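Common to both upcoming complexes is subunit A, partnered first by subunit B, then by subunit C.
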Partner chain A sequence: MLQLKYLQVEGFRGFPTKSDVLDLATPAVLLYGDNHQGKSSILNAIEWCLYGDQCVGGRSGIRERVGGWEIVNRNASGATVGLAIESEQGVTTIKRAQVKGLGKKGRSIEVILPDGTRKEGDEAEQEIMRLVGLSFRDFATTVYQHQETIRAIVIQPPSERNDAIDRLLGLSDYLNVLDGIRRSKIADAQKNLINQRKQLETRIEEALRIRQEDLKDKKREAVDSGLDESELNEEKLLEGAENVKKQMEEFASELGISAAPVSSPSDWKDAPSFGDEAQKELDRLWSESPDLKEQSELNARRTEADALKTNYESQRQALGTAKAKPQEFEREYGTQAEINHQIENTRKENDAVDDQIRQVSPKAKLVEEGIAVLEATRPDESTDVCPLCGETVPNLLDHLRKEWAERIEAQVRALKARRAALAEKRAKLIDLKTQHESLTENLAKAREQLAGAVQRAAEFLDRELTDQDDPAALLSIEIGKIDDRLKQIAEAIKGKRETLNRISQSLNRLSLLHDVLELEEKIGRIEKIAESDEYRELENIRDGVAVFVVDVEVLDRIVRECMAEEAKDKMKAAGDAIDDYFQKIVGNPAAQKLIVEIEEDKRTGGNSYTFRDQDGEEFKPISSLGDMNGLALSMFLGLVKAYGHPIGFVLMDDPSQSLGSRQKKRLVEVLDEVCRSGRNIVVGTMDSELQEFLESSLTRAKTIYEFSKWGPQSGPEVVKRV
Partner chain B sequence: MGYKEKVEDKIRGSLERPEERMKLWEQIATAYEEGGLQQVESMLAEKAEVLRDRFENVMDKLQKML
Partner chain C sequence: MIVRMRTLGLLRELRNRFGPGPFGKIAQKLLALSFRELGYAPIVERSVEGVDIDVVGETGKKFGLEVKTTEGLSIGLSPNNIQDLRDRAKDGYSPVIAALRLAVFENWILAKVPLDELSAGQVLIERLRAYRMSDVENLLAPAFERVVEEHYQGTLKNGQRYLSEQLRKTGIEIRGF
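And then the complex of A and B:
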């Protein structure tokens, strides 16, 4: 059997630095120490060295290793584990390493075989498998008792306990595959497609109903337009199109212009394009018909005649007003000559008053003019210089004002009043003169505008107009003539418009016929949708999905069957050994025989484990946590015993979690039995009571390592005690 | 015999669609070995997605026929 020889770790989990070489060759190797001192790291290192990535993450089947379970210590750049194993051929050494942060590139494995041959990479992995001869799953079930398996069975509720027992039995691969299948929710995807298909059926029914109602409406419309229900067919449509063409040719002939050819529809589907083409040609014929053209021209001419007549009458009225205003003005204020004469007389009278003022006081005029000159002097010039003689006289302006006020003003006051009155009169006369000139100009302008209106009327009437003609009357006569002609044209157009309307109605009937035939075709297509290639393809895909879902369900069932069979096989093989260990470890007087019953869990479809006693009574209700712990250990040790694989050692991590004192002592007796049967044991424990029992009751040679003083930079202090 | 071989034995012994189911099982087992249960989940979901896309594509065509 394979036996462990020694182990050395560096940078692996709880060991940031290189450890001493640990001797694992004695029948019992006991790892003592409190929690988080590195005991489990030693057991993990053995497993990782043999199985590498298989024991990491979700694939390991060990829940605590899913996410965040780090191989390389946080204060190390890489991890290296060296392990020596002895077989009948000699000692094989294995060295597995991983550099932090390099992924697969940073991983290496090296094996040195007993004959000194060195193997690396895949070849090294193959040599390890050849040596160990056990899959990782079997190793984890029958060689290495993890803390988690005990904890899960002891603490978890029944449904999860079943899962934990499955994993203890090495059924994790089945469980994981089933979990992956369940999470893919294939059946939900199928339900979704079934729902979509049902919705399609509803839409088909709805579309059919709507189209049938539309068809009913269109048929009613067609009958209302003059078609018989029996005529709602393609033959009638094509016949109607030919009829429209004939009507159009006759219409063109009636209008006196030639019609452009319109292509006949080859089947009912051409009806819309035929209708568009025919309507376009109809519009052209109508817009180019001579009557319509003349009507349009005459309407324009009539509008122009109206405008000319209105303009002439307006200008004539404006001239009358412009003539009346000067006459009224002259009646009130006199003619232009009379106003001019008055202005001249006023001027002469003013000169006479000036002479009188000069005669009354010869000095007065001079003083008055001197004051006026000095008052007009600029601020920077002196007002002391006489404007007549040029001599400087102090305060000359004040002196002149005083002279005027005291001596001259009284003498000329009446004359000056007279002169002011004359000036006012003259200003009024000049204003009247300006008003008269403006009225005269307005009159000239009115005459000019009237002449323009007459000229435009002459051009419109195409004849000369003299003062003897009345343009308004002439324009009225012309408007009357236009109206007479428009009446004649309207009469002629009325008949042609009726023809046009008849053709339009024919086109409308063609359009209705087309709509009826199109709806009938659509309804036919919807009614036959279930026979279409697309519908058949949809059915095929639906069937494909159903087959796929059934296949997945069948595989799911097969996986469950295999899982149940394997569980039963293992329990059958190990049943007696499990019962034997259970009696030895637990010693519950109420359970003299342990029977494990495996059934299908109706809720989950997985395995359901029931533990019964010799009377068939369920064991669980009376069991303590210690009993459950004992049960878990019994199952592990029973599987170890039943398997009979070539690995000659067992790894146990904290096996006494909930055991009582007596049960711990019994466990050690069982371990002693295991040792004596040829299997070495490596046990990690913090339980001082168990340590005492191990030291006092294990009859085989033992090596004890004490783990303590763990620090993040230094790792644990490991002291060997033999 | 591992879990994979045990399931294969059962599939071989089944009457209906043994070849197709064997092929599907091989895909499931390969996905599991490559990426665990998540890979099984995504591989199956992807297969369902392909069928759903085809289904919806044909559904669109049929909708247009209405």
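And then the complex of A and C:
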């Protein structure tokens, strides 16, 4: 069996500096000291030297080593552990080192085999594995009793204890896989997929609902238009289009004009273009229908006849008025010649008054003219020079105005009044003359316009009209004839319009049918989504996820089953030894036998451990902390005994955590038994009572190291006591 | 393949007309007719005890179908349903859950679920996809469309009675009412 020989550490965990070489070759090596003095670092160093990174972090399966568990001491630049192990072949020395901050590059391993061969790197790791022949998991379960494991079992609530026992049994790999499965939340991913699919479904349902309602409305409209529900199909649409075409040809024939060819739809989707083309042709046929044309022409002719008749009557009335007005005028004011004569007489009379004015007062005339000249020529300047005789008279204008006012004005005033009256009379006569001329012109114009109206009526009636004809009567007769013909045409058109309406209704039904088919196609288009590559891909994903979810569940179940099987196997192999150690350590007289039952934990799906006594009763005292510690140690030592691996030493870290005095003594007796069976023990403890028992009751040779005075820069002081 | 919109509309009308319970039986009979159309024989359709449908394919492959319809995302499996499937498995019938979700873009899922993985309670239809018999589903889908189209009017008028007559006419054995 492999036995530890010696160990030296530097820069490793609690050792910032190089330690002395620790002799580990005696059957018992006891490490004493208070907490945080470096005892556990020695045990950790043995483990790290053998397993390197496997005992660090999450992969170690030890919860306390996840995060913050440092290899290199904070005050050291690197860690080095040297370990000598003796096998049947001789002593193998192992040196593992790690430089701080360099990652993998800073790690090194060196092995010197008993024959002196030196191995490094992977080869060295392989040599170590060949030498130890034990996985880290098994090492941690059956060689090295970690205080964390014992503590977990002792202090965990009963509901969490199963997990701790699983780890004690070295089942943490299974637990980690199960934890990974749980964390992956595969079922949640599937639910998320279902929800997203459901959202898509809701949108599709909504789109479908809208289209189906539109379709329902359109179908109802189609049925109301005379179609049967069973006729709402493409075949009926194409048949309907042919019928429309035929109806149009018959209609054209009935109208007596030739129909332009309208192309039949070959597909229901062509229905709108067919409808447009047919409607245009229908409009053309109708507009070019002879009856309709004649009706249109007759309506225009009738309108014209009405207008001509109205115009004629209006002009005739206007002429009558134009004739009467000059007659009335002459009766009141005289003829044109008489007015002219009066105007001449008035002019002569006026000339005579002017003469009288000049004769009555030549001086007055002169004065008046002088004032007028002076006022007109030099209105702003006073002059004393007479403009008529050239003599100078002081204040001439004032003098003339005074002369005019005092002596001449009275004489002239009467003559001037007479002259003004004559001017007024003459103006009136001229106005009368103008009025008479205007009336005469109006009469001529009215005659001319009436002649024009007669001329236009003659042209409309296509005959000559003389003064002996009555155009109004002739036009009335013509209007009557037009009305008679329009009545005849309206009758003829009525039947044709009914045909036209029938064809229009057929076209409308075709349009409705098309709309129905189009909506059905739109609904069908939604179905096409399911034929898309993307949707197929989604379906494949759904299937794949479903299979994956089931696979993971099966995997989960298998892992649990394997975990349970392995636990049962280990318990079966170590059961007697565990029972034996349990009886020896715990020493409960009521429990003559400890039976460990393993079942599936219905809550977690993991293992559930039940401890029963020889009568199958649940072992109640197991709830005490001391008993729990005893159970954990029993399981560890039982597994050590049952496992039968080649490692000839056991590492125990603070094993007496919650044990009572008697249990500690019993534990030492058990350890003595282990030593005597050929396995060396390395025990680290701060428990002075346990130390006493170890020193007094261990019957094999022992080496004691006392750890104390630990400082951050110096590390512990380690004193060997033999 | 999905149930066509038109067929889905017809099925929904039948469901609205007869209610969810009777509609389940109607769907079961329509499914039996669809298997008949695919050439499965003999076929037994049950209205009372036992699995809902037994079918035997042309190659002699036997299936015992527990038929479920729903508008939701899951179906309910009772302990009796599972026991019925176990019983048929003893006679050489592969246990199959035939689930139809009445929603757009869905169709029958024929899931050959291992008996030891079946447990009573609500089962997500999505989960059944892990065990689906896609080859049979692909053949069944168009047959089911035709069967629904053909028997819709008769079913709408006379419900299950009409379909039972059709089952008899096509040589499907009916057990129960």
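In this text, the second predicted complex is superposed on the first by the 399 of 722 C-alpha atoms of A that agree within 3 Å, B and C clash if a C-alpha of one lies under 4 Å from a C-alpha of the other, contacts with A are read in each partner's own complex, and residues count from 1 in each chain.
Note that in this section a residue touches a chain if its C-beta (ideal position, glycine included) is under 8 Å from a C-beta of that chain, and two chains touch if they have at least 3 such contacts.
Keep in mind it's a predicted model, so treat the numbers as computed, not measured.
J.: Applying the document's definition of touch, where does A:Val552 land relative to subunit B and subunit C: first, second, both, or neither?
T.: first
J.: Is A:Thr93 contacted by the first partner subunit B, the second partner subunit C, both or neither?
T.: A:Thr93: touches no partner chain.
J.: One more residue to check, A:Glu527. First (subunit B), second (subunit C), both or neither?
T.: Touch status of A:Glu527: second partner only.
J.: Once the shared chain is lined up, is A:Ile194 touching subunit B (first), subunit C (second), both, or neither of them?
T.: Only subunit C is touched by A:Ile194; subunit B is not.
J.: Looking at A:Gly57, would you say it contacts subunit B, subunit C, both, or neither? Reply first, second, both or neither.
T.: first
J.: Does subunit B (first) or subunit C (second) touch A:Ile204, or do both, or does neither?
T.: both
J.: In the overlaid three-chain picture, which partner chain does A:Arg542 touch, first (subunit B) or second (subunit C), both, or neither?
T.: Both partners, subunit B and subunit C.
J.: In the overlay, answer first, second, both or neither for which of subunit B and subunit C A:Cys562 touches.
T.: first
J.: If you tally the residues of subunit A touched by each partner, is the higher count for subunit B or for subunit C?
T.: Comparing subunit B with subunit C, the partner touching more subunit A residues is B.
J.: Shared contact residues on subunit A, subunit B side and subunit C side combined as an intersection?
T.: 190, 193, 204, 526, 529, 535, 542, 545, 547
J.: Mind listing the subunit C positions that touch subunit A in their complex?
T.: Touching subunit A: residues 1-2, 4-6, 9, 73, 103-105, 117, 124, 126-132 of subunit C.
J.: Using the touch rule from the top, collect the residues of subunit A that touch subunit B in their complex.
T.: My answer: residues 57-59, 135, 137, 171, 173-174, 176-177, 179-181, 183-186, 189-190, 192-193, 196, 200, 203-204, 207, 525-526, 529, 532, 534-535, 537-538, 541-542, 544-545, 547-548, 551-552, 554-555, 558-559, 561-563, 565-566.
J.: Applying the document's contact rule, which stretches of subunit B touch subunit A when the two form their complex?
T.: Residues in contact with subunit A: 2-4, 6-7, 10-11, 14, 16-17, 20-21, 24-25, 28-29, 31-33, 36-45, 47-49, 51-52, 54-56, 58-59, 61-63, 65-66.
J.: Using the touch definition from the top, list the residues of subunit A that touch subunit C in their complex.
T.: For this pair, the touching residues of subunit A are 190, 193-194, 198, 201, 204-205, 208, 212, 523-524, 526-527, 529-530, 535, 542-543, 545-547, 549-550.
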